[in-house]
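Chain lettering (A, B, C and D) follows the sequence in which the chains are written, and residue indices restart at 1 in each chain.
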Amino acid sequence: MSKYYPLADAIQTHIRDGDCVALEGFTHLIPFAAGHEIIRQKIRDLTLVRMTPDLIYDQMIGMGCARKIIFSWGGNPGVGSLHRFRDAVENQYPNEIEIDERSHAAMTASYAAGASGLPFGMLRGFVGSDLVDHNPNLKSIDCPYTGERLAAVPAIRPDVAVIHAQQADKIGNVHLWGIIGVQKEIALAAKRVIVTVEEVVDKLEAPANACVIPAWVVTAIAHVPRGAKPSYAHGYYERDNGFYRSWDAISRSREKFSEWMNEHIMSENFEALYGKSML
Amino acid sequence: MSKYYPLADAIQTHIRDGDCVALEGFTHLIPFAAGHEIIRQKIRDLTLVRMTPDLIYDQMIGMGCARKIIFSWGGNPGVGSLHRFRDAVENQYPNEIEIDERSHAAMTASYAAGASGLPFGMLRGFVGSDLVDHNPNLKSIDCPYTGERLAAVPAIRPDVAVIHAQQADKIGNVHLWGIIGVQKEIALAAKRVIVTVEEVVDKLEAPANACVIPAWVVTAIAHVPRGAKPSYAHGYYERDNGFYRSWDAISRSREKFSEWMNEHIMSENFEALYGKSML
Amino acid sequence: MTAASPSELMTIVSSRLLCDGTVCFVGIGIPSKAATLARITHAPNLILIYESGTIGARPETFPLSIGDGELATTADTVVSTMEVFSYWLQGGRVAVGFLGAAQVDRFANLNSTVIGDYAAPKVRLPGAGGAPEIAALAAETFVIIKHDKSRLVEKVDFVTSAGFLDGGGARQQKGICNSGPSVIITDLCCFRPDSETKELIVTQLHPGVTREDVRNATGWEVTFGDDLFETQPPTETELATLRELELRTELVQSGSGE
Amino acid sequence: MTAASPSELMTIVSSRLLCDGTVCFVGIGIPSKAATLARITHAPNLILIYESGTIGARPETFPLSIGDGELATTADTVVSTMEVFSYWLQGGRVAVGFLGAAQVDRFANLNSTVIGDYAAPKVRLPGAGGAPEIAALAAETFVIIKHDKSRLVEKVDFVTSAGFLDGGGARQQKGICNSGPSVIITDLCCFRPDSETKELIVTQLHPGVTREDVRNATGWEVTFGDDLFETQPPTETELATLRELELRTELVQSGSGE
């Protein structure tokens, strides 16, 4: 089980100040535990990449880990704003952050280009959108056959991809299922891959065309049950919608946020954190 | 079960002289029965698209269905030449055929572009290969970020895609597994989709991220057990390697080929054809 | 039964616009509620695609996020996010894109990015998400928005998703091939674009709403269509079904997630 | 045990070149046999990728085609053909591309397309398949070819997959970044490219083969390396394992497929 490390070691060894890091998972399997460990280790100046920053990046931004965000939708799904994210963008608190804002389709094209060893991705994207005027990274190319103009986005190849999966076998082959998002793309686009898993099994019983990431692509695995809470792990536990709703009040003020983070995340009180409820 | 038709009706209704048709399946699930029906119906002037023409296009070319072939590898895997294909290219027998030759990677990029509604696909492809000098369809584009030159291939959007799958439910949702090749891409790239299936089930028990083609994408389904023979259907029957080997001798001479096709395919002797062995 | 709330009204009016068998790319919130209501009432074969990759989802409660587990378990197939945007949306498989927004303007341009200046925003909104491409690639788009002057504005602060841009043929000239926003549903009325100018015209008023109400709540000089008609009030069935769905959702989501 | 046949010798010599843990993109025929032999003898953790999308396949017999069922059932994962070429090969995950060809020339260019003129071929060969991109995108390439004058030629009739083109820095100048063909294995010897000129130089002779044998069977004026050495003869284990694999393959494939 040479690819297995305690989460703290995996993060400490493979994520450095200034890295470009993508913690992915589309609503499902968001690697919260890994994000919390990054916060505890006070890693700084990160370029954080995620389609939907979600609560995890709200926490990381609020705790001062981020220098730049590459993203496409920065809200609390079905609830409202990400207040720490907004505070950083609107008031440069706790520090100024640079933003590279794309659309979902553009982000997936960027990730797929990264995984495919291409310098850019193309799509029929953001025609007529003001995004193009505010993000110099969004360009265009002309089709050599039809002359049509298509949108271009630069590939994303982060230093580190962090994902959470349901299962890994002892060798380190990883199996995730349900809403699989962009996890395969980001794992294959990144230079280093950290995976947290719900369960370590003797043998994956993955069906024929399942989403499996072979052990030789993975840099380090940590066994972290409930490591996606308050998001969910299909087949293990459901999304803690109540917590997502409560986050609005917790995160609205800088003080309350700080207090909550100190009590729940910085304290390393894993039992409280990954117990029946996060509150 | 409104999407279900007898195979002959499905072919007759949806494939016309001069169409661009892709019968796909990478070694596995090759839609032989559908190809044979096209031969029996004497459909002509087809543009036939397939990465690996395999025996099925050898038969269709030999029987005069093809006007043009778009392909990337035209051999009998592990055995040698496709003699009818060669006879057409080398001696214009039974008719002249035009060829648009690409590489596997280029074909997959063409299909994916077709499925994605893009006019072309790009890849790091055929640099230094003479293919570029002989196929005017192979072009290049320059990356707007790095200036690198990348290969471009036009999208493939056939009139009809024909695939074979293991299962469909009564509504017409299709499930295939094992080596899934480019079947999803070609089904989504085509204007019309004909599917033959081994088995019709009440409910697909497809795992979460299986290769499922929803009924609303499918134009017509025919229930054709053993419809992929002599290729194979994972979980149903194995590849008839013996037949692939014998094809070399059958297809080498025009006369023997004609005789065999008349006896086995034109006769519509389904029982003999899809019985225990094709010989 | 108590009368429909503004939000319930929008949901019910929207749900009626979805025909059976339509392939619909659904955003979260009211679009998702309206689509679910339509599927359960008059359009059992409505095909719902969510950007989380769930194709053919059949939720029996309202998802809070577009990636809820119920969407995955009830779907015909769950594909990667890359695939849903490239093969399904961009591939031209979607008939109706169903969107919300923070602002919509006279020419149906949508803003979900910022209020104020982009570089120094007054309010930083969540951002584009899937909207720009849904708006450009679904054959047509329906937009739902709560009706007030800060939301229905003369010109959006930021065009996140192109509507008809400056109106007339501007959209086509930009090379966007689909027909664009075909209806804007608010809690007061529905707008549809004029066939020539592409300005949003009020084509129907919801029960009890006056022209004056609409004028007062809209940020531009509103035009009313010649064939202006009154929306059919919510039926007992529609309202009861919607409330039952809301109740079921509340029961399911009131747990802490265990 | 009878001595190794030319084909067995090539297979065994090739298998030795594959180190444990290497990610290898394997073509069908001798490359696939060599890789399987290596995995079963000295390189148990060799990772085999086939263009059919089978990643980490562990065949126990020799597949006849690259899409045989055994490759799928023994693989760690089976992905679409699109994915195997884009995410895995083009994504830079492959260390060794293992190819055959109908012709190879002095500068390691490969032909698997036509003998004669492309428009009016003397012999139409199967064509490119995955080869051009395997040759350009795997970190290095091994090539296996039977040694005779019609196959090892001064200049290939058609460059299907670029080797060193006209030699020297021609390959890099075309923008191909990987190191290219690093060894050509025949039934008489192995060639490796000269570090400067990139001409193929004989670096080892198989047991019992003379320089004269190689000269007579090669279509160009052959150069021999300064450190020319003799290939270790096949060991009992290598030969026995290979033959057992062949036998098992024959037994499995002799059925009609039922």
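Here, a contact is a pair of C-beta atoms (placed from the backbone, for glycine too) under 8 Å apart; a residue touches a chain by one contact, two chains touch by 3 or more.
Since this is a predicted model, take the numbers as computed values, not measurements.
Of all chains, the one whose Cα centroid sits at the greatest distance from that of chain D is C.
For the interfaces A-D and B-D, the C-beta contact count is higher for B-D.
Centroids built from CA atoms put chain C at 41 Å from chain B. Chain D has its Cα centroid 27 Å from the Cα centroid of chain B. Shared contact sites, meaning residues of chain D that touch two or more other chains, fall at 72, 78, 86, 90, 137. Counting partners per residue, chain B has 112, 117-118, 123-124, 148, 178, 180, 184-185, 208-211, 234 as the residues that reach two or more other chains. The set of touching chain pairs reads A-B, A-C, A-D, B-C, B-D, using the touch definition from the header.
Of all residues in chain D, those touching chain A in their complex are 21, 23, 47, 55-56, 72, 76-79, 86-88, 90-93, 137.
Residues of chain A touching chain D in their complex: 112, 115-118, 173, 184-185, 188-189, 206, 208-210, 212, 214, 216-217. Within the complex, the chain D residues that touch chain B are 28-29, 51-54, 63-69, 71-72, 78, 80-82, 85-86, 89-90, 113, 118-119, 121-133, 136-137, 158-162, 165, 171, 174-176, 253-258. Put simply, chain A touches chain C in their complex at residues 26-28, 51-52, 71-75, 77-79, 81-82, 85-86, 89-90, 101-105, 108-109, 111-112, 123-131, 134, 148-149, 178-182, 184-185, 211, 229-230, 232, 234, 237-244, 276-277, 279. By the touch criterion given at the top, residues 117-120, 122-124, 139-141, 143-146, 148, 150, 152, 154, 177-178, 180, 207-211, 234 of chain B touch chain A in their complex.
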